[in-house]
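Single-structure report; data block below.
Letters A, B and C mark the chains in the order given here, with residues in each chain numbered from 1 onward.
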Amino acid sequence: MNVIEIKNLTKTYGKSRGIIDVSFNVEEGEIFGFIGPNGAGKSTTIRTLLSLIYPTSGSARIFGKDVIESTPEIKKHIGYLPAEVFYYDNMKVKDLLKYSASFYKKDCTARINELADLLELDLNKKIDDLSLGNKKKVGIVQGLLHEPKLFILDEPTSGLDPLMQQKFFELLERENKKGATILFSSHILSEVQRLCDRVAIIKEGRIVKVDKISTLKETTYKKFKLETTKTIDADYFSLPGVNQFEAEGNKVTFIYKGNINDILSKIAGIELSNLWIEEPDLEEIFMNYYKKEE
Amino acid sequence: MNIVTRELNGNRKSLIIWSVGVLFLIASGMGKYASMEGAGETINELMNEMPESLQAIMGTSGFDLSSALGYYGMLYLYLTVMTSIHAVMLGSGIIAKEERDKTAEFLLVKPVSRSVIITAKMAASLINILLLNAVAFLTSISFLQQYARGEEVFESVTQLMMGMFLLQVIFLVIGTAAAAVHQKAKKAGELSTGILLLAFVISVAINLNEKLEILKYATPFKYFEAGPIINGDGLDLTYLAISTILIILLIAVTYLFYEKKDMNI
Amino acid sequence: MNMFLHELRVYRKSTLVWSISLMFLVVLFLLLFPSFSRDAEEFMQVLEGFPEELKRAVGLSIETLATLLGFFSYAFLYIKLGGAIQAMNLGISIVSKETREKTADFLLTKPVTRSQVFFSKLFAALTSLFLTNIAFFITVLAMSSWVNTESNNEKTLFLICSTLFFLQVIFLALGILTGIIFPGIKSVIAVSLGSVFAFFILGMISSSTEDKGLRYLTPFNYFDNQYIIKNLSYVAPFVWTGMFIVFGAIAAEMPIYQKRDVHAG
């Protein structure tokens, strides 16, 4: 079952581009990564899902319901954590969390205390006096306290130290095991690689790829690293499927996508002193996507 | 209900400051009456002779200044200006602040519809306005009764305060509508202030020139003036109707535009 | 210099809007003068029958009122109101916007001292007000020579109009002080509008009671137009008070601004 269904979503601001024709689905129980460079349209897509802004055309459904028509019902089961958290400055952490909980019509006190303990958050401080990281913790507690079925996280780790990031990821994995679906937007690929099952890549407002991380890595790309005895011609490997070619003296690296036999017969034609064939890490795959059309 | 409580808490301090201001205005104004008593009779005589535009410059527009109530009528103008400023600021602020302080990302992802949010904020604002009105009412009554010497003040003051309440509501919804319509939340306060100041200037200009009478409909400050109410004419039905229509219209604008608005954060 | 120019640029639009608004007020009021002067002339005859003490009690001397200068003095009150709002708003805004818009880290990590920052802002604000005043004065001159049938008294007009600038400087200083003491102000216009109107109403009360003590409390009454028209000079004690406020405020502001802890976000 699809928890999120986005169909041909377009949002334009005057003449400037927002997002164009964005479509993808997020299935129940998965951790879905949403990645792209700054300004690609990640936040615009997410804000449309939350009906903070309205699409120019296209539609989105969450839990099978239209995000604009059924917004209050949908939001009962959504936990949202924005990149930058802003709260009512003159409130105490405790009061803000209580206020937040009061929207969900269930008792969240135990959960608030548990989460605050785990994240080492002082509930009696004023929001005003908190550091950026501590405000972020308030955001995490605030997004998790009502045990939502869907988490929407927009670059959630900024401002958290590595230890807290670790705790946060563990929390997310725990919630995911209990059945929660997670939409995780980020430009930090290592965290996406660690957490997510599938990813959508957005670039200049358009989705360029939606796939499983494992598929992206295994079946399509190989990273080749060669050491030759003699210097080879720079254009020796100029065949379709070779990307990010770099040669430095006798060392050559590139990423290859295509029939593995073709490239191996090509390699067989030169004299090697050493050879590595690796899974590229996510970063290298994305560089590939980001750069492709330049 | 939780939003209403939150808004009441959030606006408590400002309400207290405004209440003290209203109290101070009435107290110091009526204190001045006490010091002026006596000169009254001749002043009245003079005032009756004066053309309206001159009276306006004198700031007394046809009030019987020898009576406490007549004198209070003059004060009433400033009282309405003050409470209108409070209302217009409250209205634009209560809607715009979620965008201005970027807390829209908090409130609007909660399981409540935008219309519920607006309704709660409207309710909280109305309570604020009513409380300020009550402060003005009680202070006015207690000071007037001290100076009135047998004059019947209760009914007039009640009507004056009803008029002021309508004025407050009009400016409140001018504020909320401005905040809902304006794309930049920060500018909503300035827009609604501009409207208020313009309305005030128009009302001053009308006092100076009878040919501008027609503009009376354009400025709420002219809807419920103290003079006729004190003379026992009550609230003008035409203006009651205009106010009601205006209020309903602006409430509708607030809901419709806020519902469709892109949160600009 | 870069900071000064930057601030001027930032407030360019607001300076323009305020200048146009004040010019609009001048045009509006002076257009009403011809009909008013007819009203007044008729009343002058009536008034002669009343005792002198009464004229004083009313607060304005009628002989000067029917002239352009007299009428302008009245309209000037509302222009001063607008000008004061502009100045106070500008003062609060220009020193608190770093905190409000969280750009303090940006500005204060640049190789400049805080007093350079402070004075750049102060002079930018003064320049903005000065430009408004020039636009205002030119409009006054043009309009008055157009509507006035008798010969124009430029010197008196200039003396009166200059008080707008002095008043604005006082309110600018008060605004800067407010902005420095409460950098967390979220809605600048709410604070400035509230405070300026409070002073304005205080001024109205003070001028009708002729209460000497109260007069020191509100800058609106430091410059008495009637006195200027008669004597072609200002009232010395109030000029000193005004200067005392301005320099006192700046002296208080500087150390607070320099020693304040600047918090991120």
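We adopt the following convention: contacts are C-beta pairs under 8 Å (C-beta built on N, C-alpha and C of every residue); 3 or more make two chains touch, one makes a residue touch a chain.
The chain list, named the UniProt way, goes like this: A = ABC-2 type transport system ATP-binding protein; B, C = ABC-2 type transport system permease protein.
All values derive from a computational prediction rather than experimental measurement.
*Asks:* On a CA-centroid basis, which chain has its centre farthest from chain B's?
*Replies:* Greatest centre separation from chain B goes to chain A.
*Asks:* Average the C-alpha coordinates of each chain, average all protein C-alpha coordinates together, and give the chain whose average is closest to the overall one.
*Replies:* Smallest centre-to-centre distance to the global C-alpha mean: chain B.
*Asks:* Is the number of contacting C-beta pairs greater for B-C or for A-B?
*Replies:* B-C
*Asks:* Can you work out the whole-Å distance between the CA centroids of chain A and chain C?
*Replies:* Each chain reduced to its C-alpha mean, chain A and chain C end up 55 Å apart.
*Asks:* Just give me the whole-number Å value for how far the CA centre of chain B lies from that of chain C.
*Replies:* 24
*Asks:* I'd like to verify one number: the distance from the centre of chain A to the centre of chain B, where each centre is the average of its C-alpha atoms, in whole angstrom.
*Replies:* 51
*Asks:* Using the touch definition from the top, which residues of chain A touch two or more other chains?
*Replies:* In chain A, residues 89 touch at least two other chains, as defined above.
*Asks:* Indicate the residues of chain B shared as contacts by at least two other chains.
*Replies:* 101
*Asks:* Which part of chain B faces chain A closely enough to touch in the complex?
*Replies:* 2, 6, 10, 101-106, 108-113, 116, 260, 262-263, 265
*Asks:* Hey, which residues of chain C end up touching chain B in the complex?
*Replies:* That would be residues 21, 25, 28-29, 32, 35-36, 39-40, 42-43, 46-47, 50-51, 54, 57-60, 65, 71, 74, 78, 82, 85, 186-190, 193-194, 197-198, 201-202, 204-205, 208-209, 211 of chain C.
*Asks:* Which residues of chain A touch chain B once you look at their complex with the stated criterion?
*Replies:* Residues of chain A touching chain B: 47, 50-54, 71-76, 78, 80, 82, 84-90, 99-100, 102-104, 142.
*Asks:* For the complex, which residues does chain B have touching chain C?
*Replies:* Answer in residue numbers: 14, 17-18, 21, 25, 28-29, 32, 35-36, 39, 42-43, 45-46, 49-54, 57-59, 78, 81-82, 85-86, 89, 93, 97, 100-101, 189-190, 193, 197, 201, 204-205, 208-209, 211.
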